[in-house]
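By letter and in written order, the chains are A, B, C and D; residue numbering begins at 1 in each of them.
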Amino acid sequence: MERKQIIGVIGSGRATPEGYAAAREIGRLIAEAGAVLVCGGLGGVMEAASRGCTETGGLVVGILPGAEAEEANAYVGLPIPTNMGHARNIVIAHTARTLIAVEGEYGTLSEVAIALKMGRQVIALDHRFSFEGVIVVPTPREAVRLALAGVRASQPEAR
Amino acid sequence: MERKQIIGVIGSGRATPEGYAAAREIGRLIAEAGAVLVCGGLGGVMEAASRGCTETGGLVVGILPGAEAEEANAYVGLPIPTNMGHARNIVIAHTARTLIAVEGEYGTLSEVAIALKMGRQVIALDHRFSFEGVIVVPTPREAVRLALAGVRASQPEAR
Amino acid sequence: MERKQIIGVIGSGRATPEGYAAAREIGRLIAEAGAVLVCGGLGGVMEAASRGCTETGGLVVGILPGAEAEEANAYVGLPIPTNMGHARNIVIAHTARTLIAVEGEYGTLSEVAIALKMGRQVIALDHRFSFEGVIVVPTPREAVRLALAGVRASQPEAR
Amino acid sequence: MERKQIIGVIGSGRATPEGYAAAREIGRLIAEAGAVLVCGGLGGVMEAASRGCTETGGLVVGILPGAEAEEANAYVGLPIPTNMGHARNIVIAHTARTLIAVEGEYGTLSEVAIALKMGRQVIALDHRFSFEGVIVVPTPREAVRLALAGVRASQPEAR
């Protein structure tokens, strides 16, 4: 069975208006590409990405820190409650081949770092995450384009 | 957004022919009901349930013990690698409101017990799991019927 | 460096008077043997075992379900908050070579089963846990004697 | 019961000679202060810190990524195998009130970030970790002095 590509979107539980709009567009583009979106399932950047994806008919997997599905934002189609707190970030990084960081603070930084440690493709809209190994991009469209290309390994711009 | 019901199927990584057939039928019935199937994503009972569900057009979420999606059986549509070994069983029990145990040994017993501890509805085809709180049923059809009813709380046969 | 033997004590967060007394004696005997006691760090059987061990000068490691050390009972010398809920049971089973089950319900049953799955030596004072692979013993003294012997593999009574 | 202070030491599994020496001194100073050292239990910075602490008579808790205690470096007195891979870093951050980062790459960065997210005191010898909230210090002695002071909250230099 051919599986759909899974793209992770990470970022703060509280988004700026710009961050919310960017994450929502990323979600929309992921759905349009026929990929699955995985995120932490809560508010802010996570909600915006979930919303964009679900509004466009895509599937959103929310890997939640708490024990109950009710914790998920309203746009998560498939809630996975882990009851493992921050350790659920590790599961997100294992699940997605590519992570797109929108904006965030320590939690997002931690997720970016662990994804780099695991050898995942990491794309960021936010210059604060411009570590070696992170591809910083100017637009949601470029982020999703590179994420989709990242799995098709022959395309050199993906690395 | 209304979410699909998520039903867990648990059991050994090695299935008897009878267990394989029963799990496959459970998977088929879950898909026919429009529910999502969650399982441990490996072989045996997990593979059989995944196969029945995917063959019937349903979605299978495989919550994997290892770090890589490649570990999933061929019928898992959405692999969630946790790299948490047996602790992934806890995530399965949090994710599904109902768990159907087909056949298995200590691993399945552990999963049945933790699901009871969490207050999940647990249905078993195997009399070895007939603890207080477990509903033992004779057929896959009855198992899935009760699982579906379990979430519609007003139906007394579900408890 | 030679490491001290680590023995796990598992059981309900609410103990009967008999269970409390038995667990406390097990803790005392573990300390007298110079071994380390690991448990879930909360009340009931866990508290009793911790108390017996600490009162006798032994070290108690409490692997906690929550995020804060303050959750540990007063006799835990070394609290390890995991914030992983029931998944911390898996860590206990990995940490101890031998687990002694005093009395309990589904949570303890789940722990017994996962420990058997991992190939750990499991000793129980409670006949409800008399699965294949569990050594049921009549007294705390016999439980600790077998636990200590279990690691010295040449002593046949340990299996 | 009064518990000993628990100080975490984090850093790469491969240490430079300078990093090894610094971590070893940190371990020694932690032992001299009567505190417990918690780390990831493997090589490099973790081994050096474990060595310094154990050589000086202190207790080292190694919270391991794998399933077996044998994975621990030779200076870990109390191995806690989690079988949870990188998620064990979260447990380390929950266990220690203070984390001292010696040198490292993405794994250490991730640990620093998650510790800051949790509100832990984070001290670093390495300027690469000089995020807001991290206290960068010039020497192992200053790192341990601040770590010890950090728990005695009235001392303003700790924050």
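Quick note on the criterion: contacts are C-beta pairs under 8 Å (C-beta built on N, C-alpha and C of every residue); 3 or more make two chains touch, one makes a residue touch a chain.
Here the structure is a predicted model, which is why all the values come from computation and not from measurement.
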Result of counting contacting C-beta pairs for B-D and A-B, higher pair: A-B
Residue-number overlap at the chain B/chain C interface, same or different (half cut): same
Most remote chain, CA-based centroid, reference being chain C: A
CA centroid of chain B to CA centroid of chain C, Å: 30
Where chain A and chain B are represented by their mean Cα positions, the distance between them in whole Å: 27
Chain centre separation in whole Å, for chain D relative to chain B (CA means): 41
Where chain D touches two or more other chains, by residue: 67, 83-87, 90
Sites on chain D touched by chain A in the complex: 84-87, 89-90, 105-107, 109-111, 113-114, 116-118, 131, 133
Residues of chain C defined as touching chain A within the complex: 67, 83-87
Contact footprint of chain A on chain B as seen in their complex: 1, 3-4, 6, 36, 54, 61, 63, 67-69, 74-84, 90-91, 94-95, 118
